[in-house]
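Below you'll find a set of structures to go through.
One chain, chain A, appears in both complexes that follow, with chain B as partner in the first and chain C in the second.
After this line comes the complex of A and B, so read on.
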């Protein structure tokens, strides 16, 4: 089950972006890849994301309470011009809690590969929306791509945030 | 047992276990008599014992012992130092004393049994010269000292001078540079200190036992440059360790080899300089330079001082190129970092270790905060006040210039490649089932032991941690690398996240210095010379080794139980006159 899941995600991910000049890491691809899925707003859109360590002087990048901090390399293709979807000028990436209650702006997604972040939640949804400007105070526009952080895959139904508080 | 605010893991969901997939036989590649899907009866499993003393292991709140593991005990003979001795006849451990030595001086260092009182209980443990930590050896840079080591404990031992680029003969690595020092025997070490900074010494025989029981000490090497570090009102060495205790007893060790071989022995009593309640009194505005050393067997720490501003100065073997502000300090086993903290408000400031635990039953991350001690800040202001210097972030062009010689190597293809993996044999079925979902957490570091029952039962008979040479396929002590002195070696280490129970590994290289030049292809932007590098799960880390010191040098994981389960190789740095050999 786990292997099948991992294989599905790896297959969904397109070739990894070259991250370091003169050094190829593709043979040692890390696990922290996120497949992005399109929505009816932009059905042709394709994308994937990769979590890489945010800059840190230590062996891992973590917050003071121990959550891993990642920059997110987002590669998207076939995104229509935002203006074709309505009164929008930019695509913006968000880190969203699994219960959808909190949205944190990570940065602007442009053509090719954009690095945004850092993402600092243990589990999160990665959502890309069309917005009226590149620095929106809150998300308002339609979702064009979305995915789930790898640590969110393991989730028992009974403890899923969306089910909490619901009587059995 | 320390004052800890821990979220309770209160919703057991044993039903989930029924849904767990079973690991494929390939994940236990060398099981000779049983496969995970067709287990032999427990009494047939090598290393599993039903008649050894059963010592219930402390479990996290709300986490029951796995039904399939109840009644089992690790297949090693339980062993505790000083068992059966009259505790009252053992000398009480003393606090570490500073021993200032100059070039040519000699120190006698004796390992003995001592009595320690921890959290209200008395235990027979070990100390150097009756002290825990052992004497703080303070020397000027470029000094050479002689240490006469006397082993007066009940196990063979040897002393490794961690991080010091010394003469190979004094490296204290039994099996590579010397024979173990038998109980009652002695050994003479000659130690030269070429680099300023904070170092430490510890046994290199069964460190899962000897180090955990108290055999560790710090070495401060002073630079001749009085401005080496920015000014501070005081220095404090903090050796961060832990101890595994259940009720009023220590959990025994394995006589024939380590238990807790999977995750390493993660203690439930957190210790600073051997004590569970660190206390420091300072004045308002005081700048304290903390020299942090992780002496625990397995635990990676994430420490901070209640939000007080921190400035990072140095790592294992040098200052950073640039000082920088940090919110916390992450230390894997054997790593050191030097930070300054300014206490600018009167009151009590907790020293905390704040991490994310994993609830393996529910697939949840759980915040865990342990208070290691308290800094009490007086209202009276300190003099002199170094606030202005503290607010400045210095740069160290001399460090950058030293590194400049190596920058041309940063982007070259790796000379050597290692993959970190795990091979297991005949673990209990319940353990195999539970662990087979572990890769789904995607936690780069396991900060706490979330499954102590499984971990405890795993011994070095069943668990073999692996360093695998990607080119030759050779593993661990078969690797036998040779390079000539003066080589610069780019080593790429990949911690395979798809292996069975992947885990972070702090990889330590003896006798040389190295730079972490990139992680996951992202170049480091503020470099520091290191001897130990944390390789998180899934990470690909590029190390640049300045292989300048001839000799046979160990390269190993510094999690004591991983080392005890095979995770080591030897790098031969051949003198130039002899050629590179192979």
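After this line comes the complex of A and C, so read on.
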């Protein structure tokens, strides 16, 4: 947690130039924030999300095995009407494992701020897709926004671009 | 940060060269002026552009390029870089490269990283395969994915191309940056791969494509003895593996943070270190390619203002020196830039020279490299190359890493393929270069091209039959 906080402070202290993909890490101000990035499906879309503890009589919500439970407050703008993308009527948020093997529906996303959840994974992708209805059994439509939970920011020292990885 | 780093390295390199190697500066084409940046277009009269294909929209179109060598299989593979794809072109008519396959990682919009970097084709039995290396960030899907293996035997039918294996290495997320497919003298087809650890991995591709338990695929690792001491770690960046018929050894030539190192990988399960090239200005070692006989080598360091350096490896190969630090000569397309990857077809060196496109020089006199030809493919603005992150479009205003990325040469007829980060795939011929066989130049017929049917020239046949499957 301390490492995550340190990483977040570093990122917040060095905001990146304006993003072509709809968001910047500077939109994510702290270790509970998720920058959302657009895709070619809706290139103008913008958004960010914040993790807030799900309601709990104990103040901090956790699962039975100790993982934190968060509601996700998603603020999105410039989302086109779903019907302009095809036979879709709703935008739906998903909590997705990093290997893309499990997609858990979190709730419906509308323009402005929507609260969905709870998210219960330690590390996950937050993915917003256009869907044919608001209660799809599985994801099927195109992705319009996506981001990574703050725990996904942690990097191995050797994967830093200075040392290897970005320089071709 | 990178700018300052580059300047420090460049100054260190320049000082070291000036102080210790007066022959180095003399070795470049003397008296040749460089073109103004806005006049870098076209080429020399002896280099002919045959075909060009824009591979992807946007700025970053391609990483490395790979040519199949069998004249009956006219296919070239382009790694799609941040586009996360592999494109296969039919170049039966080199003036009209025809895209026949575009395979993309599943759910590309959810991935983050520099994507499809390096590709190598290989053959096992009667089947042809292509290994596409990938690099994704931690936090992205497939951060543990090193390579995807495609069966491409049925080309040009695109429906026949199938994924047969995925090589993952979760112990060091970040994928494989560079790779080398090698027909070992023991008959196995091996795959050397860069990882985010101070070693290179060695996979048995026969096991990979046969459906064997994935825990058996990894058969060895080559340590990097030259980590970047200042930061305490560092793996390999690039490498070449070739057979030395004089010593009957399979040799690994690795470039990594901190320098270059040569290993005997005759037994890849237990590599033996031979010698290194390290010294001031040799950090951020990137590419290392020997001559067919292992006597000389061309090296690159990945920072602006540095030339390619030419080395006489003989003291190391003969065991007389454990470390070499005095280059024989150097060559640069333009001292203001940086030349990137290269392919050696002795005495010719084919260079993908970033902003300077395709460059060809020769080492007929290794102390005096001489430029033979060039063709500018980038048309880019100086120092506006690759950098940053996906969130700013991978753009920078300090980097010269743009333009020509990879180069490959078809030995049967001398066709040259080049990938350009900003402009895609290019095909060329050079006057007088109608193919390459080392024996025509008094050398073993050994290059980065592998003889998958017979193994390396000069290797004992009984060794190959013992290891072949």
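Convention: the second predicted complex is superposed on the first by the 123 of 168 C-alpha atoms of A that agree within 3 Å, B and C clash if a C-alpha of one lies under 4 Å from a C-alpha of the other, contacts with A are read in each partner's own complex, and residues count from 1 in each chain.
To be clear about the criterion, a contact is a pair of C-beta atoms (placed from the backbone, for glycine too) under 8 Å apart; a residue touches a chain by one contact, two chains touch by 3 or more.
Since this is a predicted model, take the numbers as computed values, not measurements.
Engineer: I'd like to know which partner A:87 touches here: chain B for first, chain C for second, both or neither.
Structural biologist: A:87 sits against neither chain B nor chain C.
Engineer: Return first, second, both or neither, reflecting whether A:146 touches chain B, chain C, both chains, or no partner chain.
Structural biologist: second
Engineer: After superposition on the shared chain, which partner residues are touched by A:123: those of chain B (first), chain C (second), both, or neither?
Structural biologist: both
Engineer: Check whether A:55 is in contact with chain B, with chain C, with both or with neither, and answer first, second, both or neither.
Structural biologist: The first partner, chain B, only.
Engineer: Quick one: is A:64 in contact with chain B, with chain C, with both, or with neither? Answer first, second, both or neither.
Structural biologist: first
Engineer: Tell me which partner A:32 touches in the superposition: chain B (first), chain C (second), both or neither.
Structural biologist: First partner only, chain B.
Engineer: Going by the contact rule set out at the top, does A:110 touch chain B (first), chain C (second), both, or neither?
Structural biologist: A:110 sits against neither chain B nor chain C.
Engineer: According to the stated criteria, A:40 is in contact with first (chain B), second (chain C), both, or neither; which is it?
Structural biologist: second
Engineer: Can you list the residues of chain A that touch chain B in one structure and chain C in the other?
Structural biologist: 18-21, 23, 25, 123, 153-156, 158-159
Engineer: Okay, in this complex, where on chain B does chain A touch?
Structural biologist: By the definition above, chain B touches chain A via 11, 13, 16, 21, 24, 302, 304, 307, 312, 315, 320, 324, 326-332, 335, 337, 354-356, 362-365, 367-369, 411-414, 436-437, 439-445, 447, 492, 494, 497-498, 504, 506, 516, 518-523, 525-526, 528, 533-540, 542.
Engineer: Where on chain A does chain C make contact in their complex?
Structural biologist: Those in contact with chain C are residues 16-21, 23-25, 35, 37, 39-41, 96, 98-100, 123, 125, 127, 143, 146, 148, 152-159, 162-168.
Engineer: Given the complex with chain A, which residues does chain C contribute to the contact?
Structural biologist: Touch list, chain C to chain A: 1-2, 5, 63, 81, 106-107, 109-110, 112, 114, 117, 135, 137-143, 172-174, 177, 194, 196-197, 228, 231, 233-235, 237, 257, 302, 340, 386-393, 401, 405, 421.
Engineer: Considering only the defined contacts, which chain A positions touch chain B in the complex?
Structural biologist: Interface residues on chain A, with respect to chain B: 1-3, 5-6, 18-23, 25, 28, 30-32, 52-53, 55-60, 62-68, 71, 122-123, 149-151, 153-156, 158-159.
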